[in-house]
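One structure coming up, written as C-alpha cells, with questions to follow.
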Amino acid sequence: MPDWKIAIIKVVFIWCWTLIVAVIMTWVERRGAAMIQDRLGPNRAGPFGLLQPLADGIKLFTKEDIVPARAQKYLFTLGPVMFALPAFSAYAVMPFGDKITLGGKEIILQISDVSIGILYVVALGSIAVYGMIIGGWSSNNKFSILGGLRSTAQLISYEVPWGLAILAAVMLYGTFSMREVSLAQQGTFLGFLPNWGIFKQPLGFILFIVAAYCEANRVPFDLPEAESEIVAGYHTAYGSMRLGLYLFGEYINLYTLSAIIVTLYFGSWHLPYVDMSTFLGPISYGIATFLVFFLKVAFFLWLFVWVRWTVPRFRYDQVMGLGWKTLIPIGLFNLFITALFIQLSI
Amino acid sequence: MTAESQCRIYPEAINEPEPSGDYVHINIGPSHPAMHGTLRIITTTDGESVINAEPEIGYLHRGVEKLGENLNYTQFIPLTDRLNYCSAAANNVAYEMTVEKLMGLEVPEKAQLIRIILMELARIADHQVCVGILGVDLGAFTPFLYLFIQREEIYEIFEKTNGTRLTNTFGRIGGVDTDLPEDFGPMWNKLRDGIRKANDETDRLLTHNRIFMDRAIGVTPFSAEDALNWGFTGPCLRACGVKRDLRRDEPYYMYDSFQFKIPTGENGDVFDRYMVRMIEMEESVKIIDQAYEMYRQMPEDAPLMARVPKIIKPPAGEVYHAIESPNGELGFFIKSDGTSNPYRIKIRPPCYMIYQAFPELVQGEMIADLIACLSSLNIIAGELDR
Amino acid sequence: MAPLNHYIILATIIFSLGVIGFVTRRNALILFMSVELMLNSINLMLVAFSRFKADMAGQVMAIFIYAVAAAEVAVGLAILIAISRHIKEIDVTKFNLLKW
Amino acid sequence: MDLIFWFFAFMAVSAGLLTITAKDPLPCALSLMSVFIAFSGLYLHLHAPLMAIFQVTIYAGAILVLVLFVMMLLTTPGERLKSIQKNVPFRIMGAQLGLCLTALLGFGMKGISDLVVQARLPDGFGHPSSFGTLFFKDYLLHFEVASVLLLVALVGSIYLGKKSL
Amino acid sequence: MKIQGYGGNGWFITKMEQLINWGRSRSPWPLPYGTACCGIELMATMASGYDIARFGAERPSFSPRQADVLLEAGTITKKMTPVLKRIYDQMAEPKWVIAMGACACTGGVFRTYSTHQGIDSIIPVDIYIPGCPPRPEALLDGLVKLIHKIEKEHPLRKQAQALLQES
Amino acid sequence: MNLERRVRICLESNALSVEETAGDITVTVPAGRLVDSLMALKEHPDLKFDFLSDVIGIDNLDLFRKKKGKGKAAEEEPPEKKVKAPPPPRFEIVYLLLSLESSERLRVKIQVPENDMTVDSVTSIWRAASWPEREIYDLFGINFLGHPDLKRLLMWDGFKGHPLRKDYPLEGKGETRRLVYEQEKIR
C-alpha cells in the first residue's frame, strides 16, 4: 500500500472518529448532567436516548435558517465555520497510538508527525477565537457583542499561561513533536512512578488544565455564553445548523484539549508499569494503544462534564485577575523550576 | 390598511434604547433567563460595568387590587395565592389575619398551629427557590435541582392538607377548613431529614465553594441606614445587620413561645442574604418541630374555625396588618365600607420596596453582579406588580 | 520552486498596498492594519532570502520584526484608546488637538 | 509553474487589496487575516515551518485579535464608520505613490536578488532546534534587547490604557 | 415542478417526513417563558421529580432563534403582549406554542383592565393546558400531545405545495 | 402614655382628627403640612416613627355616592346646607409609619380634593416613598411635588386613565394595544 493511501485512510478514520466522539459527547453531557442531578435525562430517542444527538441534528438541519435583518450576512455565515474548522484541523498532529508494523511497513498511528506539532495546536487554538468574535460582531446584537468581547479578552489572556505550561513541558521533553513527547513518557520515574508528565510537571498540569477549561469556554469559564447574564452570548442570534456547528465545534474542542492533556501529561498511550509491545502482536498492539489513549481521553472528557455541572461561574474581572495575577506568575515560576531541574540533572 | 401605514405600536415597550455618548444601553428582560420572565432592567453600561440600572416593572400587573374591590372577602383568598406564588400559604394567612383583625375574630389555637406549620413550610419552600435560583444565575444548576427534590416533598404535604400543590388556597377567614393530614408526623420526619440533607449538599456545593464566595462576598453591599431608608424588610434587611423580624418584634399567634434564632448578616451583600436564608430554613425546621409538638398535645376534636357569619361583612373601617412573610413584611391594608366586598385592598409586598433600591444597589458593579444581586433579593413578580 | 524574484515582487506589491492603505485611509484601526501589511512584506522577504541563501539568520530577523510589531500594536492601540476617550473618534483627520 | 506559490501569492495580493479598500474595519481585519494565513502558507513552502506557526499564532492569534478587541471597544455595531476618503484626488495621489514605490522597490530588490545565491539547504534548516541555537548563541544580545522592548511596550500600554492619564 | 415518490402515496417523501418528524419530536427545545405562578410549576417539571429532559426538551433556549417550543407559562398582561408577540415572531420555523395555565389560555381569574384574555388572540397556540397552575403531569401530558402532533405533520408536503403554487 | 396622646402632643394643631380602629391609630393631618408632620413624627424622641412601610391611595367616590343615594342622614339634611358645603375631598393618601424601637404603628392620612391633586412628596424623608408615590400617580393620577422621577410605574407610557379610580371600570376603556409591526426599513 502506498504511503498516500495510508495517509488518506488515517485521515478518514480520525475524521469519522472525532465526529462520533463529538456526537457521543453531546449524549454523555446530557445524560451525565442528568446523572449528577438525580434525573434520567433524554431517553425517548433510541435505546437510552442514544439517538438524541441524531434527533437534535435532524431538527437543527430542517429548521428555518434565519439571518437577522441587521446582521452582516457573509460574516454571519463565516462565524460558525471559523469556529468549527480549527477544532477539526487540530487532529492532524495528535497521536492516537504507537506505530505498528504491517506487511513490513511501519505505520505511525498519527496523521503526520511534524516537528512543531504542539505549536501547531496552539496556533489553531488562537484561530478558533475568530469564530466567536465574528459571530458576536456580525449578529448586531448587544448580548452577542458582549459575548464576543469577553471571549476575545479571555482567550488572549489565557493563551499566555497555556503557552507557559506548554513551554515548561517542551523544555522537559526537549521537542515540539507530539510523538516524541509521547515516546519520552515510557518507563518509570524515580523508580516507582510512571514516567508521566504529570509527575514531573504537576504545577504545569494544573496550569494547563485550568487554561484548557478557559479555552474550551466551559464552566467555570463559560463567560462568552453565560446563560444567565448575556442570554446565549456570542451565539444568541444563531439558530438552525449554524448553532449546530457552534455546539458541535465545542465538543470537538473538548476532545482536542483532552487529547493534548493526555499526550503531554498522562503518558499518551502508555500503560503504567506495563510494556504492551512485549506481549501483543502488531495489530492488537496498535488497537491496545489506541484504546488506552482513548480511555484516558474519555476520563478527561467526563471531567469536563463533571465540572460543568458542579461549580458556579466566574465573573469577568475575576477571570482576568486569575489569569494575569495568579496563573502567569505560577507559570513563570514553573518555568524557572523546570529550567533549574533540567540544568541540575545534566 | 396597507402595510406602510401601520403604525409602530410599542417603541416604548421593547425597542432597545439607542446608544448615547460613551455608554451602551442594554435592555435586560423581560424575556431573559435571569429576569424571571417579567422583570426588565434598562442598564447603561460602560463595557462590563453598570453605570445605571433602571428597573421597569408592571409586566405582571394584573390588577389584583381592583379585582379585589369587586369580589367578596372570601373570594379574594385565591388571589392572594398568586401574589407570592413561591410561598402561597404565607400570603393566605396574612390576608386572613387582616380580615380577622378587622372583624375582631380570635382564631382557635389549633388552627393557629396549623397555620404556623404550613406558613413555615412555605418559608422553607420560598427560600429553597431563592437559593436555588441564585445558584442558577451564578452558573451552578445542580443545587437548584437538589433543593427542588425537597420542595416536591413540601408540595406533597400541602397536597395532602388541602389538595393543591402550589397555590394552596389555604385557610378560611376565622380559621382553617382542614386539619393536618393524619400521617403528617412521619412525612415531616422524612422531610426534615431531606431538607437538612439538601441544605448540606447546597452548603458543600455553594457555601464553601471558592468561586461562589468570590462571586457573592462583598458584592452589592448595603448599609443598615440605607436599607431602612429604602424600606427593606425581611432577610434582605437582616443581612444588613438589623435584627428585625415581625415574628419576634410584633409577635402574632404563638411565635413568642417558640425558640428560634434570628440570623443577621453584616454587610448586606449577596453572601449575607444567601446565608440568612440558609439559616432561616434551619430555624423554620425548628419552629415546625416545636409547633408540631404543641399540635400533638391538642385534643383531637379541638375547633378549627371560630364562629364566623356565613356572609362575611366586617364593620366599616380601615385596618393594616403585616406578618413576616419569607420575603419580609407582607401587609394588607383593607378599607371596608360595611358591605360584603372590601372597599379598597392595598397589598404591601416586601420585594416592592426592596426592588426600588436596585439602581443604588448595583451602581458601579458589573453586569454579572447585577444578576447575582437581583436573584439574591428574591424579587417575585407576582407580588411586585400585583 | 518559484525563483526569488517572484517572492520579492510579491513582497513589494504587499508593501505598496500597505503604503497606499496608510496614506489613503482615515480610520486609525485600518492604518494599523496597513502597517502590519508592510511589516509582513518585510518578513516575507527576510524568510525568502534566508531560504535562498540557506542561512537561518533571515528567519531570526523576522522574529525580531514580530517583536517590534507586537510592541507597536500594543502601544499604538493603547494610544488610540486614550485618544478616543477624549475625542470619541477614531478618524485620524480628527486628531488635531496639537494643531494651533 | 509553482502552483503553491501562485495560489498563495494571489490570495495574499487579493486579500491585501481588500484590506485597504473594504469599508468596514471588520472585513478589513478578516482579509488581513487571510493575508497572514497566505503568508504562513508561503513560509511553509519556504521551509520555515516555525515561522509559519509564529505567523499564525502571533499575527493572527494575538495582534489581530487585539485590533479586533479595540475595534469592538471603540465602535458600536449600529454605527458605520465612514472610512474611505471622500477626496478623490487624494486617493489618486496615494495610488500613484504606491505604484512608484512598487517600481522603485522592485528595481532595488532586483539588484539584491542577484546577490543571493541559491544554495543547498543544510540539515535541520528551519527546525526549532537550529532556531534555538541561533537565537541563544549568535543573537543573544538582540534577543534580550527585543525582550526589553516588549517589556517597555507592555508597561507603556498599561500606563496609556489607564482611565485617568 | 412535480414531486413523485417510489410507489404508494409518495413513498420517499413519506419516509423523509417520518424521519424529520422523528427528529423534531425528539428534541423540542423549549423557550421557558414563565411569567407567573405557572413558571414555578414549569421549574418543578424541569427538576428531578418530573424531568422534562426525558423527551429531549432539556436544553432551555432563552434565545428565541434557538427554540422550537414556546412554553408560555403564566399571565400575559397587556404591557407584556408586544414582547410575547415579538418573541414569537423571532422564533424560527417550525415553531409550536404551549399555553400553560388558565391565564395563558383564557386570562384566568384575572378579568381586569390590565390582563390579556388568552394569548391565542396574539399568537397561534398548539396545546392548551388548563389548570391554575396545571400540575407537572399535565404539562408533561401536554408536551406528549405536542410530540404526537408533531409526528403527524407533513413538513415536506407543505413545502412542496408551496413550491407548486409558486410555479 | 398611650400612643394617641403622644401623637397629639407631637403634632399639636396639625392633628385634625385621631381615630382608632382595631387597635390601630390613624391621624389625619392637613395636606399642606404633611412633610412637616411626618418629619416631626420621625424626629420626636417619644415617637421615632422612622420607617415608612407603605403609601396608600384611596378613592372615596363610591363612598359619597352611597351616602347620597341611600344614607338617611343625607336625605334629612336641609337642602340649602347641602348645596353650600364644599365637596368632600375625593382622594385620601395614607402613610403607614412604623417605629423600629417600640414596634408601634401609626397611619397618617391626608385628604386630597379632586380640584387640587398635588401633594408634597416625602421622598426627601424616606427614599422608600419613591415607587409608592409613582404608583399612586399612575393608578390615581395624583401629582407629587418634588418627586425625583414621576412617571408611570405599572402601566405603560401611552396608557390613558387611572385604573384604580372608582369611576374606571374593571375591564374595558381604551387599553387594547395594536400588535402590528411597522414596515421596517432595512438599510
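Points worth noting:
Per-chain residue numbering starts at 1, and chain names A, B, C, D, E and F are given in the order in which the chains are listed.
Keep this in mind: a residue touches a chain if its C-beta (ideal position, glycine included) is under 8 Å from a C-beta of that chain, and two chains touch if they have at least 3 such contacts.
These numbers come from a predicted model, not from an experiment.
The chain with its C-alpha centre at the largest distance from the centre of chain D is F. Seen from the Cα centre of chain A, the chain whose own Cα centre is farthest off is F.
The pair of chains sharing the greatest count of C-beta contacts is C-D.
Per-chain Cα centroids separate chain B from chain D by 60 Å. The distance from the centre of chain A to the centre of chain B, with each centre set as the mean of the Cα atoms, comes to 44 Å. Once the centre of each chain is set as its mean CA position, chain C and chain D turn out to be 6 Å apart.
Centroids built from CA atoms put chain E at 31 Å from chain B. The set of chain E residues that touch two or more partner chains comprises 47-48, 62, 79, 82, 111-114. Those residues of chain F in touch with two or more other chains are numbered 154-156, 163, 168, 170, 177, 179, 181. Annotation for chain D: residues touching 2 or more other chains are 50, 54, 62, 66, 73, 76, 78.
On chain B, the positions that touch chain A within their shared complex are 16, 24, 26-27, 32-34, 47-48, 135-142, 145-146, 149, 205-206, 209, 211-212, 214-215, 366-369, 371. Against chain E, in their complex, chain B makes its touches with residues 9-10, 13-14, 30-33, 36-38, 58-64, 66-67, 78-79, 81-82, 85-86, 129, 144-145, 148-149, 151-152, 155, 165-167, 381-382, 385.
Chain C meets chain D in the complex at residues 1-2, 4-21, 23-27, 29-30, 32-34, 36-37, 40, 43-45, 47-54, 56-57, 59-60, 62-64, 66-75, 77-82, 84-85, 90-91. Put simply, chain A touches chain E in their complex at residues 30, 34, 37-45, 49, 51-52, 54-59, 61-66, 227, 231-232, 235-240, 243. Against chain F, the residues of chain E that register as touching in their complex are 78-79, 81-82, 85, 89, 111-114, 122.
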